[in-house]
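Dumping the structure here so I can ask a few things about it.
By letter and in written order, the chains are A, B, C, D, E, F and G; residue numbering begins at 1 in each of them.
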Amino acid sequence: MQPERTTYTLLELTRSIQKTFADRYVSAYWIRAEMNKLNHYSHSGHCFPELVEKQHGKVVAQMRSTLWRDDYIRANEQFIETLGQPLKDGIKILFLARVGFDPIYGLSLRIMDIDPAYTLGDIEREKQETILQLKREGLYEQNKSLALPLLPKRLAIISVETSKGLADFLEIIDKNPWGYRFFYMLFPSLLQGDKAVDTITLQLNRIRKVKNHFDAVAIIRGGGDDIGLSCFNNYRLAKAIANFPIPVLSGIGHSTNETVTELIAHYNAITPTKLAEYLIQAFHNFSVPVMEAQEALLSIPSEILKKEKERLITISNMIGRTVKASFIREKQTLQNQSFRMKREVFHIVSRSRYEVNQYSTTLDVRSRTIITSNHQILLQTNKAISDYCRRQLVNTNEKLTNMEIQVRHLDPVNVLKRGYSITMQNGKAIRDHHMVKTGDTLQTKLLNGTIQSLVQSSSNDSF
Amino acid sequence: MKDTKTNNMNYSAAFEELQQIVSDIEDGEIGVDELAEKVKRAASLIELCKAKLTSTEEDVEKILQALEGGSK
Amino acid sequence: MKDTKTNNMNYSAAFEELQQIVSDIEDGEIGVDELAEKVKRAASLIELCKAKLTSTEEDVEKILQALEGGSK
Amino acid sequence: MKDTKTNNMNYSAAFEELQQIVSDIEDGEIGVDELAEKVKRAASLIELCKAKLTSTEEDVEKILQALEGGSK
Amino acid sequence: MKDTKTNNMNYSAAFEELQQIVSDIEDGEIGVDELAEKVKRAASLIELCKAKLTSTEEDVEKILQALEGGSK
Amino acid sequence: MKDTKTNNMNYSAAFEELQQIVSDIEDGEIGVDELAEKVKRAASLIELCKAKLTSTEEDVEKILQALEGGSK
Amino acid sequence: MKDTKTNNMNYSAAFEELQQIVSDIEDGEIGVDELAEKVKRAASLIELCKAKLTSTEEDVEKILQALEGGSK
C-alpha cells in the first residue's frame, strides 16, 4: 500500500527552491574566481562569464554567470582605467554577485561589479613571476649586457606601420639637423593584445636571421591608450627579447608601470620621441669628441711647434750665455792661479829672507857672546893665577917661619938661658942615674962656664 | 685624404685611436718627430668618423633577399 | 754648418744632445779644448732642429688645411 | 815668453801643469833656486792658456754669430 | 866680502851651510881660532842667499808684470 | 914679557896650557923655585889669548858691521 | 954666617935639609956637641930659604902687577 503522497508541481518546487535561495542568500556577496571565458556577445552586449575555481590544476568548482550589458561596460571601463587592459579571458577577478534561482534558467550568479584592483594585483603577480623566472634563468640582464655600438645607426623597427609613435620617431631621426644618417627597416607587428606576443616573437625571429645588418632592434609603440600592454609582461616574449643577440630598445608610450619587456630591454625610453632623441644623443656622443679632436688637432700641434721653437730659441741663447760664462770662469781661474802664484812666491821670498836675517842675527849675537865669554874666562884665569900664587907664597913663608921657631927651640943655648944645665960624663949627656956611680967625676955645663963635681949618690927621683 | 689603413677599420676603433692620439698630443707625449705623422693619422681618422656619421652602407634589398633566402 | 753626423738624427735625439751639451758646458764638464767643437756641434744640432721644426710645421699645416677644407 | 815645450800642448794639459806648479809652490815643495824657473814656466803656461781661450772664444763667437744670422 | 867658493853655490846649499855654521856656533862647537873665519863664511853665505832672493824676486816680478801687461 | 914659544901658538892651545898652569898652581904642585917661571909663562899665555881674542873681535865686528850695513 | 955649601942650593933642597935637621934633633939622635953645629946649619938654611922666597915674591909680584895692570 502506498502512503498518501504529497506531490508538487515543478513550478511549486522551483518556486520553493527560489524562495529557499531568496531566504538563504539575501544579500550580494564578494566572490573570488577565475574567469575562464568572458563570453561577450557583441550583439546584445551581455556577457556570460564562465567561472571556475582550480586546485592543483583541477577544476573543483564551476558556475555560469551573467554580466549585463551596462554592468559590463562600467566594469570594463574601470578595468581599462586601472589595469590598462579590458576584461578578458583567463583573468582572476573579485566580483560582487547575487545568487539567484530562476524557475526557468535555474541557478545563476549575477555579476553586479568587478573590482579591478584584485585583478591588477594578480597581473602584477604574474609580472613578478615572469621577472623572477627570467632572473632564475639568468636572462634578466642578458640584453642589457650586450654592447650597443657607438653609433646605433642600423635599426630593425618593430612597430605598426601607421602608428603615430613610429611617425614621431622617424621624424626625429630622419630630419635631424646634424645630417646624421640612420638606416632602418620596419618589421610590422601587433603591439597590443593577446596576439602581440606571437607576432613580435615572429618578427624577432626574422630579424635574428639578418642580425648582422642591424645594430639594434627598436620596439616602437605610440602613446595614447594603455590598453593591451600586458602582453609585454608575457614570459615568452620577455624571454625572446632577453635572449635576443643584438640590443633591443623600447619606446612604448604609456602611463602605467614599466612592463617586463621594458625592464629587460637594453634601453627603455618612455616614448618613441625619447628613444629617437636617445639615438641622436648617441650620435652626438660620437660626433662631439670627433669635432673636438678636430679642433684640438687644429690648435694643439701648432702650439706644440711654437713651444718647441721657443724652447729651441731658449736653448740656443743659453749656449751663447753658457759659453761666455764658461770663458769668464776660465779666465778667472787662470787669473786666480796667477794671483796665487804671485802671492805665494813673494811669501816664500819674504819668509826665506826672514830666515836668513834670523840666522844673521843669531850669528851676530852668538859670535859676540863667544868673544865676551872668552874675555871673561881670561880675566878669571888671570885673577885665579894671582890669587893662587900669592896664597902659595904666603903658605911657604908661614912654613919657613914655623921651621925657624922650631929650630930656635931646639938650640940648647936657649935651655941653659932658663937655668937648666947639662950634666955630662966624658962628654956624654947623662939621662939616667944608673949611668953614674958614686965617685964618678961629672962635668956640668952652664950658660956661662963649666963645673967639675964628684958623685956622692944617685936615685931615681924624677920631676 | 682617405688612408688605406682606415678603409676597413671599424669606426669605433678609429674613434678610440683618434681619442688616444688627441690625448697624447694634448699630454705632450708626442714629439716633433712623430707629430706630422700623428696629425696625418688623426686627420684621416676624423674623416672616417665623420663619414660614418653621415653615411650608411646598408641595402634593404640585400636584407630582404637574405630574409627570403633564410626563410626557405 | 751642417754636420754629416746629424743627417739621420731625429729631432728629439738632436734636442736631447743639445741639452746635454748645454748642461755639460754649464757644469764645466767641457774643457776649453773641446769647447769650440761642442759649440759647433750644438750649432749644427740647432740647425737640424730648426729644419725639422719647419718641415713638420709645413706638413702639419698642409694636413690641417685639407682637414678644414674637407670639413666645410 | 813663449816656451817651445808648450807649442803642442792643449789647454787642459797646460792648465793641469799650471795647477801642479801653483800647488807645488803653495805646498812649499819648490825651493828658492827653482822658483824663478817655475814661475817662468807657469807664466808661459798661462800665456798658452790665454791664447787658447782667446782663439776658442773667437771660434765660438763666429759659430754663434753664424747661428744667429741664420736664424733671422 | 864675496867668497869665490860661493860663486856657483845655489840657495839651498848656501842656506844649509849657513844653518850648519850658525848651529855650530850656537852649540859652542866653534872656538875662537875658527870664529872669525866661520863668521866670514856665514856672512858671505847670507850675502849670497839675500842676493839670490832679491834676484828671484825681481825675476818673478818681471815675469808676472810681463804676464799681466800682456793680458791687458 | 913676550915669549918666543908662544909665537905660533893658537888660542885654544894657549888657553889649554894656561888652564893647566892654573890648575897646577891651585893644587900647589909648583914649588917656589918654578913659581916665578910658571907665572911668567901664564902671563904670556894670557897676553897671547887676549891678543887673539881682540883681533878676532875686531875681525868679527868688521864682518858683522859690513853685513848689517849691506842688509840695510 | 953664610955657608959656602948653601951657595948653589935651591929652595926646595934647602927646605928639605932643614926638615931633616929638625927631625934629627927632635929624635935626640944628635949629641950635644953636634947640636950646636946642626943648629948653626939650620940657621943658615933658613937664611937661604928666606932669601929665595923673598926674591921669588918680588919677581911674582912684579909679573902679577904687570898682568893685572895690563888687563885693566
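Quick note on the criterion: contacts are C-beta pairs under 8 Å (C-beta built on N, C-alpha and C of every residue); 3 or more make two chains touch, one makes a residue touch a chain.
All values reported here derive from a predicted model rather than from experimental measurement.
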| item | value |
| --- | --- |
| Most contacted chain pair (by C-beta pair count) | A-B |
| Same-site or different-site touching of subunit F by its copy subunit G, using the half cut | different |
| Cα-superposition angle relating the copies subunit E and subunit D, to nearest 5° | 15 |
| Separation of mean Cα positions, subunit D and subunit C [Å, integer] | 33 |
| Between subunit A and subunit C, centroid-to-centroid distance (C-alpha), Å | 41 |
| Subunit A and subunit E: spacing of chain centres that average the CA atoms, whole Å | 81 |
| Whole-Å gap between the CA centroids of subunit C and subunit F | 99 |
| Junction residues of subunit E - those touching two or more other chains | 11, 15, 32, 35, 39, 43, 46, 50, 53, 56, 60, 64, 67 |
| Residues of subunit A touching at least two other chains | 294, 297, 301, 305, 308, 316, 319, 323, 330, 338, 341, 345, 349, 352, 360, 363, 367, 371, 374, 378, 382, 385, 389, 393, 396 |
| Interfacial residue positions of subunit G with respect to subunit A in the complex | 15, 18-19, 21-22, 25-26, 31-33, 35-36, 39, 42-43, 46, 49-50, 53, 56-57, 60, 64, 67-68, 71 |
| Residues of subunit A defined as touching subunit C within the complex | 294, 297-298, 301-302, 305, 308-309, 311-312, 315-316, 318-319, 322-323, 325-326, 329-330 |
| Touching residues (chain side subunit F, partner subunit E) in the complex | 10-12, 52-53, 55-56, 59-60, 63-64, 66-67, 70-71 |
| Subunit D-facing residues of subunit A, complex | 313, 316, 319-320, 323, 327, 330-331, 333-334, 337-338, 340-341, 344-345, 348-349, 352 |
| Of subunit B, residues touching subunit C in the complex | 1, 31-33, 35-36, 39-40, 43, 46-47, 50 |
